[in-house]
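Think of it as A, B, C and D in the order they're written, each chain with its own count starting at 1.
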Amino acid sequence: MIGNFLDQFWSLTFGGLSLGFIYILIALGYTMVYGVLRMINFANSEIFMVGTFATIIIIRDLFKFTQVSEYATGFRLWLILGTALIFAMLVSGILSMLVEMVAYRRLRRMNSGVLAPLISAIGVSMVLSESVRILTDSRPVASPRAMEKKFLGQFFDAGIRIDNTIIVISALVLFAILITFVNKTRMGKAIRAVSMNPNAARLMGINIDGVISATFLVGGLMTGAAGFFYTLKYENTSAFIGFELGIAAFTAAILGGIGNIKGAFYGGLALGLLETYASFFLGTQWKAVTVFIVLVLVLYTKPNGLFGEALTQTRA
Amino acid sequence: MSKSLIELKNVTMKFGGVTALSDVTFDVKEKEILGLIGPNGAGKTTVFNVITGVYQITSGEIIFDGQSLAGVKRYKITKRGVARTFQNIRLWGDMTALENVMTAADTHKKSGLVSGLFGFPISRREEKRDKARAQELLDFIGIGEYSDRLAKNLPYGVQRRLEIARAMGAEPKLLLLDEPAAGFNPAEKVELAATIRKIRDAGYTVLLIEHDMSLVMKVSDRVVVLDFGQKIADDSPRKVQDDPRVIEAYLGVPEDAS
Amino acid sequence: MKKRGLISVAAAAALAAASLVAVAPASNAAAKTITLAFQGPLTGEEASVGQDELAGMLYAIKLFNAKNKGKYVVKVVQADDQGDPAQSAKVAPGIASNKKIIGLVGAAYSGATIAALPYYKQRNLPMISPSATRVSITDPAAGNIGFPVFHRIPPTDKVQGPALFKLATKGVSSPKVFVVDDQSAYGVGLVDYMKPSIPAGQSAGFDSVSDKTTDWSATISKIKTAAANVVIYTGYFPQAAPFFKQLRDSGYTGILAGGDGVLSPTFVTLAPASVLEGVRLTAGTVPLAEIDAKLEADFVKKMGKASGVYAAESIDATNVFLAGIAKGVSTRAAMLKFVKSYSGKSLTGTTIKFDAYGDVAGGALNGFVVKGGVIKFDGPVK
Amino acid sequence: MFNLRDKGAEIWENQGRVGRIVIAVGAIAIVAALPFMGGTFLNTPIADYESVLVYPIAMFVLMAIGLNIVIGKSGLLDLGYVAFFAIGAYTMGLLGTKTGLNTWEILPIGIAMAMFSGIILGVPALKLRGDYLAIITLGFGEIVRIVALNLGALGRSEGILGIPTPPGFFGIEYAFDSHRIYYWTLLILILLAIWMVRRLSARRAGRAWESIRQDEDAAELLGVPTFKYKVWAFVLGASVGGAAGVLYASKTLFIAPDNFTLQISILILACVVFGGMGNIWGVILGAVILGYLPDRIRFLSEARLLVFGLVLVIMMNLRPDGILPRKKREKAIVKKDAS
């Protein structure tokens, strides 16, 4: 078994890493919102789901790819991928803001506690997934392949595939942009201020509603990007794709330390690798069990999550 | 002199690199009212927090009623006889005033969940006894008429007094009052001073944090002064007022008359 | 292809048979209303299978109603059980006590079927399932759970399991077979009945993967470690397509195979044609487009979407009831008697005749292979 | 604004002993008579009205009362409540098919199993920060289901078949289709659970839970053994879920992992919040409505779950504290912030 594991180590690791980067981006959606509102945004999984469909709309309907098309190359390929990424991000970002307006805003103004918005978000979640299900005749949908899945090279017998490489690099870039945004821009600083102390932020004249909208927008943009990368890598989606991935990403956010942007990063990576290794060693059916046992152990020894700093620091 | 109820011996409390209490030693005698004063950030509330077990002290020792409090769970410290109020009111807003006091009084109940569920005689007896006692306490503190009102709906002054009644509900030997007069007008402060004395006369020992000097000096038997986490004075109110180190500590830090 | 032509003829005959009784249109007032029911998942996560089967049933009824205008109007009560036994247990008594309903197509899932059966048996409601393949339902040794009301069109896991293995390893000189199930009762059942037919030394391993899985890299690593050259997936098409795709993309070049849960026209739309080229599938029936392209075209025209998984089975199941209605059957007892003694052609031209326990007697399995993005009939599995 | 909860409380409080007994008996009689009202507008299309009364409605009510102890009383967010339901059901399934024990003998065993697993889950989980409890409990619920799905002894995905119905007594027979009998049995369990919760609420345990929910640190500092009472809340909630599970298995004769998905946990949570967290009458009303609604709106066909979701969003926005809230909502005077 160990020998087999070593044989497969690098290909498992690459698979786990690229899955981990997708988790990171979705986890950011959870963690940003948690940072400012201290709430689990249950609808984030459906925002991701819509992001995958937005990607497919571009590739299949705008650029007319089918399952028997020739692969795109060169400038056209980058144009397609770029358009799809931006479209997915925008659709998810705007949807995320709408979700905040519908599910959270009124309740927040009424100071209603944590649970009413949670149920309201679950309701939004049901509406979104059932609407998409009806629109898709209840069937799964695939994205036609626009880019050939070439191997760029070998690393200890493990192929390095182009889509995984794109995911890792782009996700890193997006993450760097996000960190810069949060630390350097006016709005980013406002978001941090609200997450540290909403009352103080309000007294300082920060427009709380605006900041919260912006947080949902940014979280949605990241989640939408995850939808694009997911579609690029796996090429399949359905109205209910968000549920499992949402829970996984949420777990990742907690594993890393929720409310903490860096935590989402480490948590996503850790979860991607953990899931892949555990599936290989213990059988895929025990993956979820392993993940949760590890989660409990981690939280037991490090109450702020695996890589989380004290709660108030580097919080989004 | 009567014997000490609680003794802090060389207590040091560090948070990372910040030393909140440095080698603090003092005691509170039985049936005494001890005032604990000091400028903002001197470490007064930290003293409360280390006594009640919110923080584990870095070094030193706290002896309460002859036993060390090191590593004792917070609710057990309360059970041994220490109860406190909070500087920023932390009542259970969705409970009535009476329930607030009764909850604290539950500390010493022998009957628990199971006997409560099946209505064992001991549970009924204790329930009846504590209800009467809680009402007595509310009357004692002068807010008996509010017993059926939700705590969150009470006027500010009543909430402050309810904090005291609730702490007394836990039948403490030592009562820790954290700025009980905050936000009070002069008339209310006079009333409060009388109440604190009355509490002591009823057999409680009181450790009092208060910003209002005149109130502290009026009610305290003895005053301990902290500055930057260190004890700088420990004497009768009159002598402390004249202590040059105390005056220096407060100099430049004009006292707010709140 | 000769075979295909033959099937088309048979299909045409079957359609004609279903509408044989269509005499000259009588006055509308004389039309007799008969109610059938469908039970399966119509909302929620499992809705894909149920909606596709329902479309097949409605299609068959649309044809029948058109042919029998003025004589019969067949209506359908749609009982959504979300594929969940708990939901089924509250829907079933409602359907069972609705005396208008004289036949039920469904339930789609075996678990929901088992939960519903006590009620249908009690009220003597004949049922024909297009997709509940669990062996125990018709196994007298398991306690006659389904007898006498339960019937089904597809062959059971017991028949399909070994056949799937046979098809997957056909023409492979030294097969090393890796089997992956989807943890559903369907997938696990297929594997359980396949296992005894795997000769010693030909098994490369097993994996059991939740049907919510999206990333298959761990399973793929196991397959590579085991150096398998045949991979069989026992589950449904929504997971089969991404699994096969990821496996191929990782460089696997061996054989891919799946059962009737994969045999959906949607399957081939879920991955590039080059990836699915050569995938082998088994099923008791044949997709509509393979039977006759015109049939599929007509289906799309009438139902507004392409036919889906278990479409032919649903149409066959419905046609059995419709044949009874055409013969004037209007009560449950009569319908049950009719179904028990029914013998007729399926869409594919095979004979549908139920044995005492409700299985189609001598049900054989067909093999299919994906070519150029289309599922092609490849002869019966022998 | 008219407040249903306060109005109801007022009527109740203004009654003497006799008046209260009359109201209680009358209410129970009306509820017990529900199975006979199938002919009215209450009837559900397609699904059988009396079955719907048993599952989901009565089962949901029972589970919601149990979950309410955990979440409404003590403020602990439990997203894996279905685990206890599953444990009760599988206890019944295993013992009912493998041993000669009958439902009534298994009921206490099932409850004990659920309580035991409540301790297993509660002791580690309740030591963690409150925010994390949600994900840990969610994981626990999934673990229970996955174990059932993978253990041969539990029938894996095929589940357990042929679970016996409860033996009758006093001439009452529990046939699998005597929905009314099950409904009335559940009603008795529900009344027992209501009795338990009301009894505890008025005493030490209730006060301890309330204080924990509102300000846990303050509670601990005023002598409430918070950890112990949190575990108690978990264990009592589990016991109710376990009881529901035993009866459920004994009614449906067949259980499979598919019956115990995360969706059930979320639905029960929705019942509690939708009805009015912490107020047992609200919780019951919430469970009745959310259990009943999806079957009542079956005429919407494909769109019914979509409409169900919409109802959740709209109602939560209109009544954030639920239909019958805990207590009259007033502007908060006290501001809590960390010391």
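Just so we're on the same page, a contact is a pair of C-beta atoms (placed from the backbone, for glycine too) under 8 Å apart; a residue touches a chain by one contact, two chains touch by 3 or more.
Since we're looking at a predicted model, the values are computed, not measured.
Peer 1: Ignoring chain D, split the rest of the assembly into groups that are still joined by touch.
Peer 2: Leave chain D aside; others group as A, C | B.
Peer 1: Which chains lie in contact with each of chain A and chain D?
Peer 2: C
Peer 1: Would you mind checking which chain's mean C-alpha position lies nearest the centre of all protein C-alpha atoms?
Peer 2: Checking distances from each chain centre to the full centroid gives D.
Peer 1: Could you tell me which chain lies farthest from chain B when each chain's centre is the average position of its Cα atoms?
Peer 2: C
Peer 1: Where the centres are mean C-alpha positions, what is the separation of chain A from chain C, in Å?
Peer 2: About 37 Å separates the centre of chain A from that of chain C.
Peer 1: Report the inter-centroid distance (CA atoms only) between chain B and chain C in whole Å.
Peer 2: 74
Peer 1: Suppose each chain is reduced to the average of its Cα coordinates; what separation in Å results between chain B and chain D?
Peer 2: Chain B and chain D have C-alpha centres separated by 41 Å.
Peer 1: What are the residue numbers in chain D that touch two or more other chains?
Peer 2: 149-150, 302, 305, 332, 337
Peer 1: Chain B: which residues touch two or more other chains?
Peer 2: In chain B, no residue touches two or more other chains.
Peer 1: So which bits of chain C are touching at least two other chains?
Peer 2: Residues 43, 183, 208.
Peer 1: What chain-chain pairs meet the touch criterion?
Peer 2: Applying the touch rule to all chain pairs gives A-C, A-D, B-D, C-D.
Peer 1: Quick check: in the complex, which residue numbers of chain A touch chain C?
Peer 2: 4, 7-8, 11-12, 15-16, 19, 67-68, 130, 133, 137-142, 144-145, 149, 159, 161, 230, 234-236, 238, 240-241, 243-245, 275-280, 283-285, 287-288
Peer 1: Contact residues on chain D for chain A in the complex?
Peer 2: Result: residues 71, 77, 124-125, 127-129, 131-132, 134-136, 138-140, 142-143, 146-147, 149-150, 262, 266, 269-270, 273-274, 277, 302-303, 305-306, 308-314, 316-317, 320-321, 332, 337 of chain D touch chain A.
Peer 1: Please output the residues of chain D touching chain C within their complex, sorted ascending.
Peer 2: It is residues 44, 46-52, 54-56, 149-150, 156-159, 161-162, 176-177, 179, 251-256, 258-259, 295, 298, 301-302, 304-305 of chain D that touch chain C.
Peer 1: Within the complex, which stretch of chain C touches chain A?
Peer 2: Touching chain A: residues 43, 45, 47-48, 50-52, 183, 207-210, 212-215, 217-222, 224-225, 237-238, 241-242, 245-246, 249-251, 266, 268-273, 305, 308, 372-373 of chain C.
Peer 1: Taking the complex as given, what residues does chain D use to touch chain B?
Peer 2: 196, 199-200, 203-205, 207-208, 210-211, 214-215, 217-226, 229, 232, 326-327, 330, 332-337, 339
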